[in-house]
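Residue numbering begins at 1 within each chain, and the chains themselves are lettered A, B, C and D in the order written.
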Amino acid sequence: MSLLEARGLVRHFGGLRAIDGVDFDLSAGEIHALIGPNGAGKSTLVGLLSGRIPAQAGTIRFDGRDITRLPAHVRVGCGIAYAFQITSVFPRLTTFDNVALAVQRTGARDLAAATGAALARVGLAGEAGQLAGTLSYGHQRLLEIAMGLALAPRLLILDEPTQGLATGEIESFMALVRSLVPEVTVLLIEHNMEVVMDLAQRITVLNAGRVLARGTPSAIQADRAVQAAYLGG
Amino acid sequence: MRMLALHLAVLAGVAALQFVLPAYHHTNAARILVLATYAIGFNIAFGYTGLLSLGHALFFAGGMYATGLLVDQGGWQPWAALLAGPAAGGVLAAGVGLLALRTAGPAFMIVTLMFAQAFHLAILYWGRFTGGDEGFTLSGAARRLGPFDLADPATRYGAAFLLFAAAMLGCLALVRSRTGRVLIAVRENEERTRMLGYDPFRAKLLALVLSGLLSGAAGATYGLMFGYVGGSFAAIQYSILPLIWVLLGGAGTVLGPLLGTALLFYLIDWASSVTTASQFVVGAVLILLVLFAPRGLLGLLRERGLRSLP
Amino acid sequence: MDFGPFLLLAVMEGLVGAAVLALTASGLSLVFGVLRVVNVAHGEFFMLGAVAAWFVSQWVPGPPALAFAVALVACPLLVAGLAALADRLVLKRLAYEPEATIIATIGLLYILQQAALTLYGPEARPVPPPFEARLQLPWFGWSGYKLFVIGAAGAVLAGLWLLLARSRIGLVMRATQIDRETATAFGIDVDRVYAGTFALGAALAAIAAVLIVPIQQAHYLMGGDPLLLSFIVVVIGGLGSLRGTLVAALLIGVSDGVISTFFEPTLAKILATLLVALVLVFRPQGLFGARA
Amino acid sequence: MNRETILHPTRRSLLAGGAAALTAATLPRFVQAQSSEPIRLGFQLHRTGIGAAYGRWYERTALAALKVVNEAGGIAGRPVEILFEDDATDPRRGAEGVEKLASQAKVDMIFGPLFSHVVIAAAPRAAELKIPYLVCSEGYHVASGKLNRWTLQPGITDVRAQVTAMAPWVTQNLGKKVTMIFPDYAFGHDHRDFFTEAVAAQGGEVVAQIAIPPTETSFTRYFPRIPRDTEVLYHVMVGPAVLTFVKELGEFYGSGAKPEIFGFIDSLEAVDIANPGLQFLEGSHFWEGQCRMLQPDASEAETFYRDAVGVDANGAAIEDPKNVSCYGHMFSVWETLFAIKQGMEACSWRGPQDRQAFVEAVEAFTEMPAGRERPQGAKVFNPKLHQVFGHQFISKLEGGKLVKVHETSLEDGIYPSDVDYLATSF
């Protein structure tokens, strides 16, 4: 079943055609990876989906509802959560407060318990009282994911989640993402091909603002156009 | 818990002060409490939500004039007129917010400043009703709330204390609440807050309305307590003062506004008693204070250990 | 008087105001652009320039033109020196933290105001213009010196533009404005640039004051309005855009005069004030600012 | 809160018998025979803020009067002290100053403020503290009935009476078609309302009213609003911009035809009338509360007062001819101190317990003859209005000198009023 359907999305910045007529679908419960060379339009596309960037043309339907004109914070309420590319936690607030902000958005009764649980899920329960800005980089990334998860989303968009993580941390991150499906649908922008091939059930490849290819990991690996544009360099 | 106890202790101390203070300082304390309420209102917008307004005199004077005009010329009961003060402050803040919150940073400063300046000029222009720069005095009857006569020092202190206590506890409750957490998040990073599903515009509007409400309540109370309503309270000076009070005490702290207000009040009082060049002293102390504690006195305390200070 | 001449007069008066405002505001704009702080004491530098010009007019013998020429050079230098000192002693130590700077410059404002009150006094004192000339138009007379003010302000602004656009100093300032770290990496002494910019900003305010003081007397409280107006102009023009500052000064200076020909004066002020607010509400980045 | 300041109020300078002496305000007083204990008067002073130019001279006049009073044996044989408290010409600070003087410095009564907004803000506090508050302001606020039983104005005529007294002479000698230029706030509005009324009563007409916004620093753009058929231009512009106003008026009219000009000296207080920018005023007329320049017919009391304050024949400080006084107003400080003396002696003042008796004693004032106590001239006190009414002067600027051309009678300034403070409670 399709959770999200985008049709004919367009976003230009001045003369730059960042996204130029993209159709994009997500099935409920899948892990879907979005890849492409730098400047292909990946971040713009998820920006359009999450509502951070308004679309100039096209429609986005989420769970059957047209969300094209909805502002970002309303889309979060619909169940689309976005975890930032560059860690964007609140550095001067405690880890607890960071996650509590997300938890309370869901209307949780017992905020402390629910926040504790969300922190425990990413293994940050011990750092609840620390200022987020003092956490290690890896922990800040985990916190970012914890905030996304705490929104209890139906679609979680992860923008380059493994960037800067150590190998061990990547392992536990992948385990975490796997544990989310099928309750949560995950859209992953990722440069680390090992992670992509290992995690994703389907992959969409963007190039120069257009969809170059889509399919299973093995199909993408075999696609010549993709190899030409991207994998092969 | 410990923090709640600390704040209650401060309140108890303020309540007890009235029994030991000599007359002059007794009245000063009542003034400071009302002005500190204004500062708390300013702090909700500035300290907690990051909205640096240069036009809060609009809300303070708006509340003062609403109450003053209704009781003096509208024939309202003082009780009802007093309630009109915060209402006016809140409504003005909502109106200003709907327009000004389309902007941010320096543009927000200017837009709020311009609305306040227009209001100040309007008070001068429609002097037939407002008394212009001279303002008008309130009669004894206008200052009697049922059995309570605000011209009586003990009653006045009580009223100032109640207003301040309500504002301070309200502020404490707000910043420790879920709403308060969202306001702080907007201050820290508006875009990130939006991506957590909150509408920053609504949060900022709420903060500004609460801020205007408290400012209006302070202005209305000040007018009734001291029997005078005047245009100078709408001047830019009264938009800058709460900024100084809050920054001195510590922006984004519950007790900072009281500390900063009292400090500046007594700094001026003391300076003018030691020298005729009192502004010299005030200026120098401000600079030294800010060199010593750039984030305000309570901000300094927070950095030096009391991290959980709300 | 007929409407045409009335409007002409309003525009001419507006130009004088705009010229002086443009100078003062460009000083604030530079400081805002490079140091990223609001200098609340900017108006007091303006006032100091005017007060110093009065002292010069008292001490320098000979024709008023000589004293005026001396003031035009000496007063900005003096004020710039004071500003550089304030920068070194206070602002630098605050690392130009915006909020702390507001308080520090408010403190500076108090000190400068008190110094003027104590050393100069509370009276408004006139400074003789360098020359007396009166323009007689068919409908009314006008001050020839005011024409000179417009011209002189234009010349100083042109010089400022050359300095910023063509000289090494301007390049260094722009580099620091764009990225402090990179500037440091390129061997630019950022501390010196900051002190210099702060001093230059103050000097511009002082020049404006020396020009206007033969029209408007020196008074220790005269700094408030120039500060507010400059701040408005800088934001309306668009932060960091000197061109925007100049255009906004022209717009505000002239429109203020023109609006006042249609309405009662205070009502006109109220409307002009609201207009400024609405311009920003619908164009928050200012006239020439880049949208964030 | 700053504990130290609360518990140990700092030392403040006290001026006793003209000489500065230091004492601690709240130290226990030495037991003294009441008869020798000094009378302490509070003075609300515009030391800073927009009123500072007046404040400086008000202080100087108060000290001069104090010296004269003390040298003549003080009040009822007791020495007098004056405590000055700066109000920054700000209403809130003014009210606070009244509290400080009354509650902390424990003065017997307070006098001295000039600016109306300060007076109106502070008067309610004075009434609550039940302390006599004698204002030296020409504003129409005491006589309007806005204030209270404790606020009195025995030293200077209010603006309504001033303009009422002035109007007949202006319409008969200068012209009947008047254009008024005034600041767009309460003081200007009082001029507008009462002068317009008084001119109409004389068969004249105010053909235009030009209200100038506060803080305006340039005026030329308003001059085209002056109708061509204006015979008299009436100006009152309080504030530092007055020189600009005059200069621009001169540039506007040039040497061509221009209306007669009548102004209030308020604009030019503390300003040297021989300033190069002011030539345009040559031949114009001024209201003066008291003639700044020594007139040939000056009374002995006038010259005595002038010498005591240290003012030369041109109205400037004797030590600095460029330091021009606020001569048209500052006599009110002198006369108010002597009114205090008269009232205190009339009620056999013992101490603060006699404050109400003092007010009642002043309310018994009627005729107040000229003399050293009243160098500005004879006055009549109206107890119902708490307001004094005196002579007004019209001077013409001739050759850089202000020459008296007319003195109004006491009756000229009387206007109907139903205000009666005597019917209000203490």
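The rule is short, and it goes like this: a residue touches a chain if its C-beta (ideal position, glycine included) is under 8 Å from a C-beta of that chain, and two chains touch if they have at least 3 such contacts.
Since the model is a prediction, treat every value here as computed from it, not as a measurement.
Chemist: Kindly work out which chain lies most centrally, taking the average of its C-alpha atoms as its position.
Modeler: So the chain sitting closest to the middle is B.
Chemist: Take the average of all CA coordinates in subunit A, do the same for subunit B, and state the distance between these two points in whole angstrom.
Modeler: 43
Chemist: Report, in whole Å, the distance between the mean C-alpha point of subunit A and the mean C-alpha point of subunit C.
Modeler: Comparing mean C-alpha positions, subunit C is 50 Å from subunit A.
Chemist: Nearest whole angstrom, what separates the Cα centre of subunit C from the Cα centre of subunit D?
Modeler: Subunit C and subunit D have C-alpha centres separated by 36 Å.
Chemist: Hey, what residues on subunit C touch two or more of the other chains?
Modeler: 114, 117, 224, 264, 266, 269
Chemist: Can you pull out the residues of subunit D that are in contact with at least two other chains?
Modeler: In subunit D, the residues touching two or more other chains are 48, 184, 213.
Chemist: According to the definition of touch, which chains form touching pairs?
Modeler: After working through each pair, the chains in contact turn out to be A-B, B-C, B-D, C-D.
Chemist: So in the complex, which bits of subunit B are touching subunit D?
Modeler: Where subunit B meets subunit D, its residues are 17, 21-29, 31-32, 121, 124-125, 127-128, 131-138, 151, 226-228, 230-233, 237, 262-263, 266-267, 269-270, 272-274, 276, 278-279.
Chemist: Tell me, which parts of subunit A touch subunit B in their complex?
Modeler: It is residues 50, 52, 71-74, 76-77, 81-82, 84, 88-93, 97, 100-102, 104-105, 111, 147, 151 of subunit A that touch subunit B.
Chemist: Could you list, by residue number, the parts of subunit D that touch subunit B in their complex?
Modeler: 1-2, 5-6, 9-12, 26, 47-48, 85-86, 90-92, 95-96, 99-100, 102-104, 116-117, 120-121, 123-125, 128, 139, 141, 146-148, 184-187, 189, 213-214
Chemist: Which of the residues in subunit B end up touching subunit C in this complex?
Modeler: It is residues 99-100, 102-104, 106-107, 109-111, 113-115, 117-118, 121-122, 124-125, 236, 240, 243-244, 247-248, 251, 277-280, 282-287, 289-291, 294-295 of subunit B that touch subunit C.
Chemist: Taking the complex as given, what residues does subunit D use to touch subunit C?
Modeler: 48-50, 52-53, 55-56, 184, 210-213, 215-218, 220-224, 228, 240-244, 247-248, 251-254, 256, 270-271, 275-277, 323-324
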